[in-house]
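The two complexes that follow have subunit A in common; it is paired with subunit B in the first and with subunit C in the second.
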Partner chain A sequence: MTVGTQSPVAPRDTVIQDEPPGATRSERLSALAQQHGALVTLVIAVLAAWLSFDTFMTTDNMQNMAVSSAFLAVVALGMTFVIVTGGIDLSVGSLFALGGVLAAWGSQYGTAVALLLPLAVCGLIGLVNGLLIARSRLAPFIVTLAALLGARGILLAVTDEGSKTYLVDKDSFFATLGQGKLLGIGAPVWITVGLFVAGAVVLRRTRFGQYVYAVGGNEDAAALMGAPVARTKTAVYTLSGLCAGLAGALNAAWLASGVTILGSGMELEAISAVVIGGTLLSGGFGFLSGSLVGVLLLKVIQNVINQIGSLDSAYQQVVSGGFLAVVVIAQTWLGRRRRVL
Partner chain B sequence: MKPNIFLRRTSGRSSGRVPATTLLAVGLVASLALTTGCAKSEDDGADSGDSKSAAEDDAGQVVSSPGAGGKTCGHGDYGAKKLDLKSATVGFSQSEKEANPFRIAETASIKAEAEKRGVKLLTANAQSQFSKQISDVQDLIAKGADLLVIAPLNSDGWEPVLRQAKAKHIPIVTIDRKINAAACKDYVSFIGSDFVEQGRRAADRMIEATGGKGEIAILLGAAGNNVTTDRTKGFQERIEDKAPDLKVVFKQTGEFAREKGQQVTEQLIQSKPGIDGIYAENDEMGLGAVGALKGAGKKAGEVKIVTIDGTKNAVRGIVDGWIDGVIESNPRFGPLAFKTLDTFTKGGEVAQDIVIKDSAYTKDNAKSDLGKAY
Partner chain C sequence: MTDLSLGGRTRVDRDRLLRLLQDYGVHLGVAVLLLVNIAITPHFLSAENFRTQAVQVAPVLIVALGMALAIGSEGVDLSVGSVMALSTSLLSLYLGYGMWIALLVAVLGGAAVGVANGALIAFIGVQPIVATLALMVAGRGLAQVLLPQLKDVHDPTMASLGSGDLLGVPYLVLIAVALALLVAFVVRRTTFGRQLLAIGDSRPAARLAGLPVRRVLILVYVCSGALAAVAGVLATARLTASDPTSLGNLMELSAITAVVVGGTPLSGGRVRVGGTVAGAVLIQLLTATLIKHDVSPSWTQIAQAVVIILAVYAARERGKR
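Up next, the complex of A and B:
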């Protein structure tokens, strides 16, 4: 199932991105490995877990993992665009939490408000991030860090210092977006897959997508060639804000409440997922399918730790940290081989 | 403008930038581990010391109101199957990592009791991440837990878990914090302390220590959770009620952490050098206050300190004369949680709200009862 969501996007990536004329066979293989290193690791991890734990490859477990990955995946989608332009967005965790609270509050006025309010607010904060970064040429790290703090502050202000939790009516249509199922698969999963397909088309097949790569590859060169650098940057941060807000809203629908303590550290999870997926933090290179694989890989690591079922919390952190390190090292090693060849 | 130009450039650049990425990515992994490490925790405190073994000591929990008049719950009402606890698998979801005395003692107590009873126990730890706790409990269910013991990080947001548990008729007992849902419908019982009562008892201690007169300060817990709210409410109500001459002149959050408690107390001593008493809503902040008072050249007993929790270090503070009273918040939920599950799965009735009786430490019993502290 995890592999299935991958297929609509992956083959095209390979063809477009890395086939410089005259590339040797080993170069091509190695390029393929870098792009799909995460996928290979994911498949290995899933197979290993399947063989080790008889409760891993069950319908219940797969469904749980798919639904709970969906929210981080939507955040990682926006993050991929940002990172491909060579930027970073630290505000997504706070925006995710804020989006959830606003959606839960808005749900009393209907589904439209529950969706549009978080999209509007989080999109606006993303837009401001983008304008400050693109027009005022401030460092993305600082601008989005400020937004992280600011959005968390707004959340605390509207929830009476975090103590007020707004609830979502379990029978409303909005709740269905988080809790409903279609063909046995949770609604958030369908929405996420749809967004990734759409996102991949935008990134791969549209002029805007080409600008995103161009800006990340070499900003000055892109500007010289006539790419609208500032507008592209503003757009990706707005998109990232929208994605975080939407993910938060869907999560609130799933939990049936606007939990106020969510999202801290989520920006790092999203960035890790994107990087594990093969997107370069320096910009100019990356693909959405990889980010999806990265999210699933993080999820599988967490699930395997719980499958073991008896690790102390300290060791859980050691294991997940170690696993991540191995994945990233393998990924970079594959990348480095390409340069040596 | 041909897209190809960009693509060629970008792939060329990407291969050249690998070392930078390695550094950044490895840094990210490290910081990911760090964030979870620094996540806000309820009763934060770094030193665990000898508290691990303490859970196996006595001082198990005692129910203060054994269901008399309170609502009860039987497996028929809940829709659960009868089963034998001995052959069942119990899933335990802890909210915060075992890095402070309260959580260490809580987890150890659950594990020890499971072992004693020969029950298969699965554990998960949410590391203060609520999304992770939801996944954790789902994982426990998927892994085959027949019964669940949950120490919830947050009271709301349990819908996905409750729905799954209900579909599989899995009984849930929550410990130390509540889940906002219907007892005996969504979950069986809640076992925990009465935090308002803890605040009241701390106030009584403070009134006795100060003679009911003077100026006192409150070191509040982390903002936005019911433990802080209740401990503040109980304390203030009782002070207003019984000792109107005792004035609360300073209130600031120490976020349940020792360093923050020390920092806040340092400011307090500068702005109110004549302060008579400090109420710290947990031991760690109280110990921070002691540090600040020592630093300011105050003598033991000059400022009366009352705290809540009952950790070893705080009780030792009483023996040393720095702390006047510690109201206990007993984290040893193991015996009571398993007893409740045992009764329930056998077909008996259990109380929906099981409030435990917390003891207290003063000068009179601190030395002799030090072994009971965790």
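Up next, the complex of A and C:
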């Protein structure tokens, strides 16, 4: 065992980058497995579910799954940016719930308020997270863990200690954003797809996106190259807060109410989805399409467990947790293999 | 370290003051809260009140002791809350075979989660946050699979463990104090404790020095898991019910807060057991004060969040060498 392979965080300077020209066959295979492993698993899972359950490949089930995936996907979108910088955001579950409640409350004043209020509040909390992490150099997990608690406190404060549920008028335009359909596909799905396309362009094709990768790959090197490290980190946590707030707002529109008990454990689902999708938790490497595949995979597993009526929904957590462990082990192994070879 | 080379008397004094505040701020905080409470809270100085506070803080403290070890080794254990849930499920399932066997199974369950955490971290090289996150998700699920809903625990021995006392001091508190002394002894006076700190300080250096890094790391997470399981058992005894759905929720946050507020740096290499105890007491007193003065749960949570951030902010200089 070499010195580098045991450190808790993969050494930042050896994080996988795009394929060097002289890569060997096994290196290429490892890279393929890392990048498309989740997609292959998703296809297998869908085929297996299709063959096993008559009720799986129905229009209703597919539509439900797509819409319920959409909210988690939006949260995972922001989370991907955070994780690519080598950070983590544990506050998204609380922000998701807070966003939903604020949107439902705001919907009585019109769609603009219903959308802008959660975005403003959740974005602000994300900004504070980012400033504490980037400027004061506090550990991301502890800052966002505190934000998880604080956001839930705010949620309780605006809902009369959780006893009040604000409803969304079903005829309003805001409700259409959650419940409407275009070409048979739910509005949240369209919005999510749009956001992912935009996000992928930002991450791959803009200067900001390159900074995100650079900061995650090696913060010191990025700073020496002149990348605005603190600003980039602040921006990704703000983005993550915005995404969580938006997802919460869309969810409130879909459910037509601001349910206060939602979102607990969502941070874990989002992180799992991002990691399953091939993004490295040590930062510097990752892609949005993988996160989307990760979300779908989690939702298919959830759906299958629901289809097996006799299984408790708690099995889903066991499977997700086990799956996360397997993926992380596989990633570490693949990463190490490629470094060693 | 820097104060010597930089010179300047005022600078030295300020540095020293800052360090003193960082090291003993938590004790100061506890003292201030006690004084404030004596001044403004009616019936605060009763034995009954102190007993209640001590019983409430005991499970958090026990979990925080294990967390302090994990953080001292430059890791973290997010699975502690789920381990508590798992131990309450196991306890209630095996109670039919007698309490001691049930206790043993519950603690072994916690230790098993610790082995899994430790193996992922030490052998595979997964980051502690991620490894324990996986076990956090899976552990809570497993606890609910084993025991789908809340179940009452009718066992006289368990009931007496939860509410009995010795010379007026509840068993829960005695156990917590004994474990705190044990962990303090282990950290200061045993080879394992020294190795743990060395690994937390610098893992490559510890490995080059020939320390059994992987074995020590696994043992750290086994300790953390076992302690969390003990806390789960004690919490079950106090509630006389097993509730795998909610027991230990957000416990990882409380434990990390107690450890960090107590002055153990997140960067590892140092474990302050006394500070951890004071940190747990501080959080408990703060929460109790807010609740006694009818501050709503929402503002209590917000206040806790602010305290965590302030504590980490105050501690951040310590991490720099």
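The rule is short, and it goes like this: the second predicted complex is superposed on the first by the 292 of 341 C-alpha atoms of A that agree within 3 Å, B and C clash if a C-alpha of one lies under 4 Å from a C-alpha of the other, contacts with A are read in each partner's own complex, and residues count from 1 in each chain.
Note that in this section a residue touches a chain if its C-beta (ideal position, glycine included) is under 8 Å from a C-beta of that chain, and two chains touch if they have at least 3 such contacts.
Owing to the predicted nature of the structure, the values given are computational and were not obtained by experimental measurement.
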- Based on the superposed arrangement, let me know which partner A:325 touches: subunit B (first), subunit C (second), both, or neither? both
- First, second, both or neither for A:161, with subunit B first and subunit C second: both
- Message: Per the contact definition in the header, classify A:317: touching subunit B only (first), subunit C only (second), both, or neither.
- Response: both
- Who does A:146 touch here: subunit B (first), subunit C (second), both, or neither? second
- Task: Using the superposition described at the top, determine whether subunit B or subunit C touches more residues of subunit A.
- Result: B
- Tell me which partner A:49 touches in the superposition: subunit B (first), subunit C (second), both or neither. neither
- Using the superposition on chain A described above, determine whether A:132 touches subunit B (first), subunit C (second), both, or neither. second
- Touching A:179 in the superposition: subunit B (first), subunit C (second), both, neither? first
- Which of the two partners, first being subunit B and second being subunit C, lies in contact with A:268: first, second, both, or neither? both
- Message: Contact-wise, after the overlay, does A:303 reach subunit B, subunit C, both or neither (first, second, both, neither)?
- Response: first
- Check: subunit A residues flagged as touching subunit B and also subunit C 156, 161, 265, 268, 271-272, 275, 281-282, 312, 314, 316-317, 320-321, 324-325, 328-329, 332, 336
- Item | subunit A residues within the subunit C interface of the complex | 3, 5-10, 88, 132, 136-139, 141-143, 145-150, 152-157, 161, 265, 268, 271-272, 275, 281-282, 312, 314-322, 324-325, 328-329, 332-333, 336
- In their complex, what parts of subunit C are in touch with subunit A? 74-76, 120-122, 124-131, 133-145, 148, 203-204, 207-208, 213-214, 250, 253, 256, 260, 266, 296-302, 304-306, 308-309, 312-313, 316
- Message: Under the stated contact criterion, what part of subunit B meets subunit A in this complex?
- Response: 1, 3, 5-11, 13-18, 20-22, 24-26, 28-33, 35-37, 39-40, 94, 97-99, 121-125, 127, 129-132, 134-136, 138-144, 153-160, 163, 180, 223-226, 229
- Message: Touching residues of subunit A toward subunit B in the complex: what are they?
- Response: 16-18, 20, 53, 55, 58, 60-61, 64-65, 67-68, 71, 156, 159-163, 165, 167, 170, 179, 210, 213-214, 216-218, 221-222, 225-227, 251, 254-257, 259-262, 264-266, 268-269, 271-272, 275, 280-282, 284-285, 299, 302-303, 306-307, 309-314, 316-317, 320-321, 324-325, 328-329, 331-332, 335-336, 338-339
